[in-house]
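Each in structure tokens, the structures are laid out below.
Two complexes, one shared chain (chain A), two partners (chain B, chain C).
Here is the complex of A and B:
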């Protein structure tokens, strides 16, 4: 069974392990500043290590499990020896490199590559060495104390091997009980000699899962470990809900009994009966959750722990299913309007139909909203990764940096999250590397020694705003201008530019203000990558800075890219959609304000500002009867502070549209540049969605 | 036509080799590997996309999927004709891309052994670009479409 790496099992393993690694990272980084791990943190780390070890062993990734085992040992020691003098930095480093190792290893597993057992071994040795060092120190310093403590606990210093019987009950509905049992068995085998187990056929027989669910999984074994120690170990087996541990006092009898083949039902009954009669029955059955809750003192702590517990009210669903569901709902929305607005029904008096149609509309609306909300994920997953970057970089660069995160619970669509991760990490890297000054500089400037980077997120309307700011040296206007001039990026004379315009030059492709290339940032890719990434999800970026006080970069991102508010317009017999978020205003131009510049480009003056006019029917050769500005309408569109007025025949109306991307063939041809995508309208016809960033920037 | 479509769909992937969908454009008959064909539809409303060459006549809505449509006539520089009852769009999936081809008419599915396919003569440089081979089947001659060049859009 362990050899067979079922796809769904593997996927589950990857998912669980990555989640655990993330959790682990959070704990380590949260602890960061203190000089000791809190009890809660130790227990949690211990639990995670245990789970990772168990599931890796189940998937027979032995190097991951053995490394996890070593770190688990380390934390076992830390937990059991409250006065151990460990260095939190070193221990944290161990755990963090373990996390890195896992992340890389998972990538390897995904791509079926060669596993790096050597690195695991190396790291494992380091951990072992450190642990033995800790142990030696501990013994030298407090051997007496430990001894007396042991005596008080009544734990014999060297326990003799004794026979035990344990019955494990797994959590309701955890599924695949036989596999869980097998994993548990492998684990028990690490510290005990397995004599037999019931049901015996867990490896071959899938139906044994049913039996385990009903009667539990019983193992007879011999071990030198103490009763308490075993009890704790069993309780820590992943997904174990209840543990019944019995110690056979008379070793000989226990051995005799359990030596019988457990698979024979007759014998099994006998065994159990005898066991009950002869063994000193020390039955402990504490439901784990209850015990855990009881051991938590502060209410907040217990809440925190409970949040980590896998609860059956949450299931994980594959993203592809959600994508499919959303597509289907998009179809449903269209199909609904195709039925309700069917041309066959025009002019008919159908009061009852209308009523039912309204009801249908309400339900479809609700489904759509629900599906969209299902795809929302908190930004916390992205923000958490910045913690690590700040920690690593500030250590390496010798800067003190505090990271302040607010609004991490803000939710955005999963598609968008994927595009946000890199830009945010890049911005944070920039802040630490270039923004925050060295300690000496900060002290000289009368600033607090430690710099602060804050990441803030909030939603307003259908947008999410993310602001990354630092209290560093701010942007250097002069340097930016020089650099822009050198690279030929300057289009206006520097005197006529506002501060904001100058700062925003840093987003242009090929711009990087850092003089020296460092390990962390300034590798030629710069802010333009941030701009591009955010641009592809329909957002935009702006920067503001005060010299000596810091820089703040604001990203404005739509909540979802899948459905937008659009304005439908016509040009001739063609139908187009303009994203509402790009429309500033629409108006009938006063011909007195329209003129042509020396190059013959048509311009319109609005409230003292001059805008170029884009005649769509001309640039795309569409036949239309509306060619006079006074017959049609001008729509002022804006993207990244650039504005133009586009000339259309008429506005049809505003509606929510489901954005579909252009077919691959057309995207590859790169000939239909003016369009960001297309959408289906109520009657099944297609409307093309303008790419406003192209409309405002192409050469007229 | 529905019969033809269901016949196509029923076939297993490996039994599709050697089977060609034969269609007419102008006076000539052409063949396309059946494995690429997903369905055949009559011409729905086509939405024009500005900026594309004339032979890429636009995009259609096929049950919610947006599919680009190429007019084979125009692609081969033949004169344009009005679409009629016999005009069809052959929906194909090639290299993961969905493309529809407008053809004058769809004729039949033919079994053609590999040895009946011969490379095109290298006489004229321009037209044979779109042809990968020539199929002789009984008294009929079919031209085998070359997707690589037909889908190369400039």
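Here is the complex of A and C:
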């Protein structure tokens, strides 16, 4: 059936459902250790289940909707029976299994595969069984509320029943529209099976009356009754002023207004009914007060059009479009400087051109900033997933683990987020599996029973730092050394290695400290994968550990990789770009401060500190007339508190440059060492961008 | 012609409702100023419809509704409520009230509501 559905509808369904699943997961995980769900959580879960049920039913994914329905029932019972003795763990497991099920089914739907109705049924039965057990335990009084509520849910539909959508508009000024809607719902439930209704919060939120006044009250339901019969029934509801009844044949044409705004036909007026008949949709508006309708026809149409297009302040855009836009903006930045710094204009007095050029620059700058910000996503999307891992693993491993997340609002480029997800999840898994000790062990060590894993993110300069740490047993130096030795990874004698060097061994390919392979971590991939992933986005990883107190792993990641502020310099006839963020200062050296250290390396003393001098022309064998320090200029660069002074012929100027990666062929050779990429300058010449971390660390 | 029992603790409201109804096809056969009285009058007059205020001394409209429905499960009772009584109206509906009107109401609203409720079978 899926292939017959409109693609954009399906995409929206998938998008929304996944979002709902994610939110559901967040609620469950936020609920955490308590023994009951908060009222807010219950209502929210109830609402989400409801939405998922409704949209899945509209898309004819009946197994998803029926499972959602069963869980909804369970939460309904919990909500209406304040003293229900449910086990929060079991109920959470149901919801989480449901989320897993949805995630997997969505994958299946995407790939047009076979849907797993059996699993839905199985899970559904478990939920039902649990619910009936709860009900039996509950008192008779509690059951009463559920019964009346179940009346609202409706009778099971027979196989022949058809799907309908009805929107009821109540008389102006009749008051309590939400309660009216509720009453109508109870009535409809007597002869139809209610699938969903909008607004969904009529019972608990009296402000929904406002929405009903504006957009009417929409109910999706299934019924065996004929169209005319239904129409009459609706018209007979007191104070209903207008009924818009639509029959949806199996296509699932009638869609959830709020869930699928893009798919909503604009005009739901009677004149269109014929035109749309071929789309298997019958749309009829029958105003009850005919004379009123005649005089207000125009205004009513527009009101309804409005009603079906809820205002949205967020749209989703395909990432490929953003990527393209980003590329184009890159080109725009280059083109701008090509025009403004065009050699043809050299030496000309062009005051008005300069003024306009400045304006152009300002606008281009703003566009660029905007596009970059559009690509930024909060780390929360990645961090949230760790909640689930910690919960699942700690339950399975019988450890108590608290997860502390800070700085989840820190934003980084989407491209970078994608590379971060796996490493972070891996690190967290490691923490729970290997880092945190068992309860007994912790008690014996005089630590709090529950271990703590904290994930912290903050941005500083053009970098984002993410630190994953635990208060577990810490890394075992001896074990690391033994293992490294066994795997032939040691290059130095163990005695001469610092703690940090030993810890860093865990990042080497082929190293894994876990002796046993568990379900969660230690599947043969280790910290080297983390290192690699972070490396590809230009970041780096370091580890720190204190035996008995825990381990912390810090990742340093560039905010964005696309456009940087650079300082262009020349060496001979070559052009190079140094990222401004790495430059401390530039100066003409005073020769009396220049000397050689015992190893013969050239050093310069600046304000009492010594820095090594890097002669670029010597490293790359560039011919230049500037070989005396007094003729050129020194640029002090810094990376991770390591500084060196780079000797260049001259500074050309500061400019924003678009970082392009080196051609694959060059990247694979040793030639690219020392460079982070290249860029095109305004005059069309190519400049190589330094990799400052290499500049400050290579052996002189 | 439908017979109506008007229940409200305020004489003004009883009269106002009576005036509206008797301009139309309704006959107010009795009125009551609290829940206890409402039950007695219902049993005595067997009206087609009852309009029932919610907040009244002695016995609230909801309790009276429950008692009347106990006595006659087919009793057609329309609640008369004020803004802000959403919870109580909901409770009334769950307990078998046919519908409700909200004070201040428009004349045609109360007439339409009673007309439709009366026509139900």
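The definition used in the following text is that the second predicted complex is superposed on the first by the 394 of 700 C-alpha atoms of A that agree within 3 Å, B and C clash if a C-alpha of one lies under 4 Å from a C-alpha of the other, contacts with A are read in each partner's own complex, and residues count from 1 in each chain.
Criterion: contacts are C-beta pairs under 8 Å (C-beta built on N, C-alpha and C of every residue); 3 or more make two chains touch, one makes a residue touch a chain.
Remember, predicted model here, so these are calculated numbers, not experimental data.
Using the contact criterion defined above for the overlaid structures, shared-chain residue A:460 touches neither chain B nor chain C, since it reaches no partner. Once the two complexes are laid over each other on the shared chain, residue contacts for A:314 go to neither chain B nor chain C. Of the two partner chains placed around the shared chain by superposition, neither chain B nor chain C is touched by A:348.
Once the two complexes are overlaid on the shared chain, A:236 sits against chain C while remaining clear of chain B. Once chain A of one complex is fitted onto chain A of the other, the partner contacts of A:186 are limited to chain C, with no touch recorded for chain B. The partner of chain A that touches more of its residues, comparing chain B with chain C, is B. Note: no residue of chain A belongs to the chain B contact set and to the chain C contact set alike, using the contact criterion stated above. Against chain A, the residues of chain C that register as touching in their complex are 81, 83, 86, 89-90, 93-94, 99-102, 105-106, 109, 112-113, 116-117, 119-120.
Those residues of chain A lying in contact with chain B across their complex are 327, 330-331, 334, 574-575, 619-622, 660, 662-666, 668-669, 671-675, 678, 680, 684-688. On chain B, the positions that touch chain A within their shared complex are 45, 47-53, 56, 59-61, 63-64, 66-68, 96-99, 151, 153-154.
Contacts from chain A toward chain C in the complex involve residues 148, 171, 173-176, 178-180, 182-183, 186, 203, 206, 236-239.
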